[in-house]
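After this come two complexes, each holding chain A, first together with chain B and then together with chain C.
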Partner chain A sequence: MRKSREQSLRMMPGNVVLVVLAFTALLPIFLVFLNSLKTAPEVVRNPLAFPAVLDWGNYVEAWKYAKFGTGFKNSVLLTGTTILVVLLTAAPAAYVLAERKIKAARPVMVYLMVAMTVPIQLFLFPLYAVFAKAGLISNVFAVGIIIAAINLPLAIMLLRTFFLGIPKELPEAATMDGANTFQVLRHILLPAVSPGLITVGIIVGLNAWNEYLISVTFLQSESSYTATLGFLSLTGTFAVDQGVLMAGAAILILPIVVLFLIAQRSFVDGLVSGSVKG
Partner chain B sequence: MAQVEAVAPVIKNARDKSAKKTTNKNRYRVHYLLLAPALILSMSIVLVPGAFTALTSVTDWNGIDMSPNFVGADNYLEIFGDPVFLTALKNNIIWTLLFLTIPVAIGLGVAMLLLKRKRSRAVFQVIFLLPYVMAAVTNAMVWLNMIYSPISGVIGFLNKQGFNIPSPLTNMDTAIYAVAAVDMWHYWGFLLVVYLAALRQTPIEQIEAAQIEGANSWQIFRNVYLPSIKPTMQLMFVMIMIFSFLTFDYIFLMTQGGPAHSTEMLSTFAYSFAFATFQFGKAAAVGMVMGLFGLVGSILYTKMSGKAADE
Partner chain C sequence: MTTRSRLAKIVAVTALGALLLSACGSGGDSESGGDGKKETIEMWFWGAPPAHQESLKTNLVDKFNASQDKVTLEVTFNERVDSNIQTALSANGGPDIVYGSGPSFVSPFAKAGKLVNLDEYSKKYGWGDRILEPIYQSGTVDGSLYALANSINTVGIFYNKAVLDELGQEIPTTIEELETVLTAAGDAGLYPSVTGNKGWQPVNENYSSMFLTAVAGPDAMYDVLNGDAQWTDQPFVDAVEMSAKWYQNGFLGGGQYLNLNFNESMQLLADNQSPFFFGPTLAFQFATEFFNDENGNVDDLGFIPFPTVGAGLEDDLFTLATTASFSINAASKHQDEAAEVIDFMMTEDFMKIMTEDWPGYWGVPLKGLELDPANFTGLSATYADAINKIIPAVEDGRFGYFTGTFFPPQTQQELVNIDMVWLGQQDATSFLESVEATFASELESGAVPPIPKP
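Showing the complex of A and B:
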């Protein structure tokens, strides 16, 4: 009894630090939801106060003026394109690089690491000119493919570690039975790395969903706006009504938070496996 | 593809060597086929336009005209002579130093705290990661409107209560720190998760041995945990350096490089050349300078993670 009290006393300063940091992490998010239910004058009077009456009308207006209907549809199409393209191209490449049976494996790895750290500004401007010439500006699928290419090196590196984790006997046994490389990859290896595919899909999907620089540059017609761009268009129209603006932010935040809470395990795995060197 | 033969003999216990050799040869040719889609995608979006940027940086291309003139090193000389370029470079360095210290210290400190708190660990980890998973767009707008705004934000509220605090974003000396604070608020949870995972891989025997020898918490941290997570720390250092030189979203969303270029970064400087004044040549030159920093970073990065990849 005494020991546990002593221990909890020793934990006290640390607990205070954790609670204060949790408070700073959550306060801005809390302010979003709090103020999304208030009228404009209420927000201006005191952003920290609770609303007098719950005013859900802000959500209706935000949805209408940010065109979230179109925005979410475009975001889903863009994110889906990115995830699909990344998984289809990264999985076979990661398999080859994990096998290391070809001599080009090493230079390809070096190339991918350089590609991962190249500033977007280094290839953005010529790419924009080419896409403009090809009539691909404001095309969500085209933007999804660009974002896929940017996320590809990270995805390959992550997936490679998952392929390395498969016991060698598994594909070898199948090869003995006469399966070719495609069959082994399709029926043996891909099912074995499916947790990796999910992890990479989540990480890349989140990157695509939250992406800003490429989207704002390439998506110019309002009908091609993603949810994030639609939300930004609110800041022009509703610069005075912070309540509507915060309702828009809440609409954008909510699905991400729910998805994150559901998939946090895979998400944390993905963050860690790319960065922790054991 | 002559190297294929050299690799094939690695297969041991081949009963029929010549037959085996041909099937293996085909198998490895398939490997190039499997690698091709990823490489073609990456090269056509990143490498080829990147090389094109190198070419554009010595022309006066405006992004539309198909017959740009060769101007030699003019773009480079002009941007080096531009005081805004130096401001941007200085700001990128300030940004790098801020991110190499504050989020690293908080992330590592909190990781150590959570290491001992097995039960509450998961909950805190989720809370600290929430800002990280949210879009830069929403994070920036929330801080801009709900905290920094002198009209509707917490700052404005404090002003109405009689505290005379100006919005840090409108002050040339504080604006960069105000933006960095938001980006760090969003970012440090990522470092925490990575450091915590690395700390948890520290061999338990080493910790116990140190405890038996009577080492205190600080000594255990300094002599056992820190050496154990050194590779991860180094990798994160390089990653932070690279991303600090590429930083764009929060600056562009919150200040657009202002007031009076006081938060200008190389990335926003390049972007405004390309899309505000259509000087693609100059934008390309700034992009090349950024690429140079990126290359130095990626050489460091390749060296470090290459070591790990080779096991």
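Showing the complex of A and C:
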């Protein structure tokens, strides 16, 4: 009994810190939901006050004018394209670099590291010119490929560390049993690095879902808008209906929160294993 | 649970989400899509709140499309329209109708051949006869028309009549009267005025333009913008020093300039916390949220020009600005139809219906325009009244120049930094020396847009 009390006392500072951190993390989300139920003047007058009347109409307006139906579909397609392209290309590339299957492995590594440091703004104009010429403006899949390309260096470097962690004997044994390179990769190595694939999938997926600069530049027709772009179309020069804007933000947040709650173990495990390996 | 099954779970959840959202999304597509048989002409526009999006759709898109059997107009709202259009134009892409931020934006793209010369369309539609001369001139490059401004805008004073009554003050008409009311409001524990640049420093350009117009005046500004005077001349030093004095004694934002944005300022004005809000007529577009029939305070809000200060200047001077400009993309396949859309927006009928729904953003700069406020409701009537004061002033040459519309880009940015003087980090003379150096270089490089003579 006494021991348990001592243990509680010992854990108290940590718990207090966690409560404070949880509060600071949840408060902004709470305020978004709170203000999403208020009229614009109410939000401006006091963003911390409770609404006089719950105004659910903001959600209807935000959904309609931000075109979230189309936006979420496009966000999912864009994110899915990005994850798929990254995983399909980064995994073999990481394997080749980890196993030094090519002579230029080191220069390629240096190139990838340099590529990670180059700001995308440098490529924006020429890339736009090429995509415009090819008729790929407002094409969600094409933009998914651009975002995949931006994320590839990090994904390859990350997955390479997972491949390096696999004992050399494993692929060698498979090769001795007659497996070719593709079979070794498909049946032996990829299952072994699946935590890495999850990590990369999560990181790249979140990057793609939250991506703004490329999307806002390349997705120009409203039918190609992602949820983020639809949300931002509600923001005017000076005129902004804060209540509707907050409702839009709440709608934007919701799918991510739900997805996180459903698959939170995978998120945490993936990110933790990524941080250790990386 | 194994990592493989976790992976499968995530994929399954994502796929399910995609399926559900795709189902939800089908409705949105049908709403935004164009007519499959007609070709689409595009116009990119700033992001806008739902009521304004609806207004533009009903009054422009639907009406224009109803008159067409070959093309469908599609307006896209995007908060990064300025930079997107620049990227797209540079790459020979972009919308048919080019939404720009004014003469400084138009000039380089016109010179680069990215915009259509509108002289022929101007003749066809008679724009030169309809549009206010200074505004028309501001859209020209080397004597040819490349852009038409959608709306006239000016910086002045929104006042709350109820607060003035409470303070026992009249609507000020001179700078002395204005300072008396500002002092009285401060003494009564109110904000002398409400305004601020919280979140967006370029708001400063409203006040640099307002003080330059009121203190230095139109002729001095015209001379300096044409290289016939120096920015370090006394009228400009006086203007900057007066703005700094007003900032420091609380007349400009009541000591809260850095903590207020336009929405909050208008809210405070509606809550009778101040007699004045200094700002652009653009602010009418969100003032309707705070001054309306529901709150019973529509009649409390009024708009007056900032009083003149400089010796020998005429009264009722206005800072001339435009909200945006429309041009035609040289790469457009539908240039005639794009001109038709622009012409549609440059009419009194369009101005009236837009002003009723969206006051503050559609003061189409038409010659001899006189609106009957009785034909409008709510703040649209107050805005119509303001327009009735501004248009004759522009026709009479009683206008100064808004930095964001008429100044070359780097000089404009220099003047946004006027808060360095307000905050005591620089004195007015050294600030203007820096402006002079920047402006001289831009004048030499031909970056100064055409300056209409007052």
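Here, the second predicted complex is superposed on the first by the 223 of 278 C-alpha atoms of A that agree within 3 Å, B and C clash if a C-alpha of one lies under 4 Å from a C-alpha of the other, contacts with A are read in each partner's own complex, and residues count from 1 in each chain.
The rule is simple: contacts are C-beta pairs under 8 Å (C-beta built on N, C-alpha and C of every residue); 3 or more make two chains touch, one makes a residue touch a chain.
In this text, all values refer to a predicted model and were calculated from it rather than measured experimentally.
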item	value
Touched partner set for A:N35, first chain B, second chain C, both or neither	first
Which superposed partner A:S8 touches (first chain B, second chain C, both, neither)	neither
Residues of chain A touched, compared between chain B and chain C (which is higher)	B
Touched partner set for A:A249, first chain B, second chain C, both or neither	first
Contacts of A:S223 with chain B and chain C, given as first, second, both or neither	second
First, second, both or neither for A:Q183, with chain B first and chain C second	neither
Touched partner set for A:G69, first chain B, second chain C, both or neither	second
Interface residues of chain A shared between complexes with chain B and chain C	44, 124-125, 128-129, 217, 232, 235, 242, 245
Footprint of chain C on chain A - complex, ascending	40-41, 44-45, 61-62, 64-65, 67-74, 76-77, 79-80, 124-125, 128-129, 132, 137, 191, 194-195, 197-198, 201, 216-217, 220-223, 229, 232-242, 244-245, 255, 259, 262-263, 265-266, 269
Touching residues (chain side chain B, partner chain A) in the complex	3-4, 6-7, 27-28, 30-32, 34-35, 37-39, 41-42, 44-47, 49-50, 52-53, 56, 63-64, 106, 109-110, 113-114, 116-117, 120, 124-131, 133-139, 141-143, 145-147, 149, 151-154, 156-157, 185, 189-190, 193-194, 197-198, 201, 231-232, 235-236, 239, 242, 245-246, 248-249, 252-253, 266-267, 270-271, 274-275, 280, 283-284, 286-288, 290-291, 294-295, 297-298, 301-302, 304-306, 308-309
Contact set on chain C toward chain A in their complex	1, 3-4, 6-7, 9-10, 13-14, 17-18, 21-22, 24-29, 31-33, 42, 44, 46-54, 74, 76-80, 83-84, 87-88, 90-93, 95, 262-264, 267, 270-271, 282-283, 285-286, 289-290, 323
Of all residues in chain A, those that touch chain B in their complex	11, 14, 17-18, 21-22, 24-26, 28-29, 31-32, 35, 43-44, 46-48, 85, 88-90, 92-93, 95-97, 99, 101-104, 108-130, 145-146, 148-150, 152-153, 156-157, 180-182, 185, 206, 209-210, 212-213, 217, 228, 231-232, 235, 242, 245-246, 249, 252-253, 256-257, 260-261, 264, 267-268, 271-272, 275-278
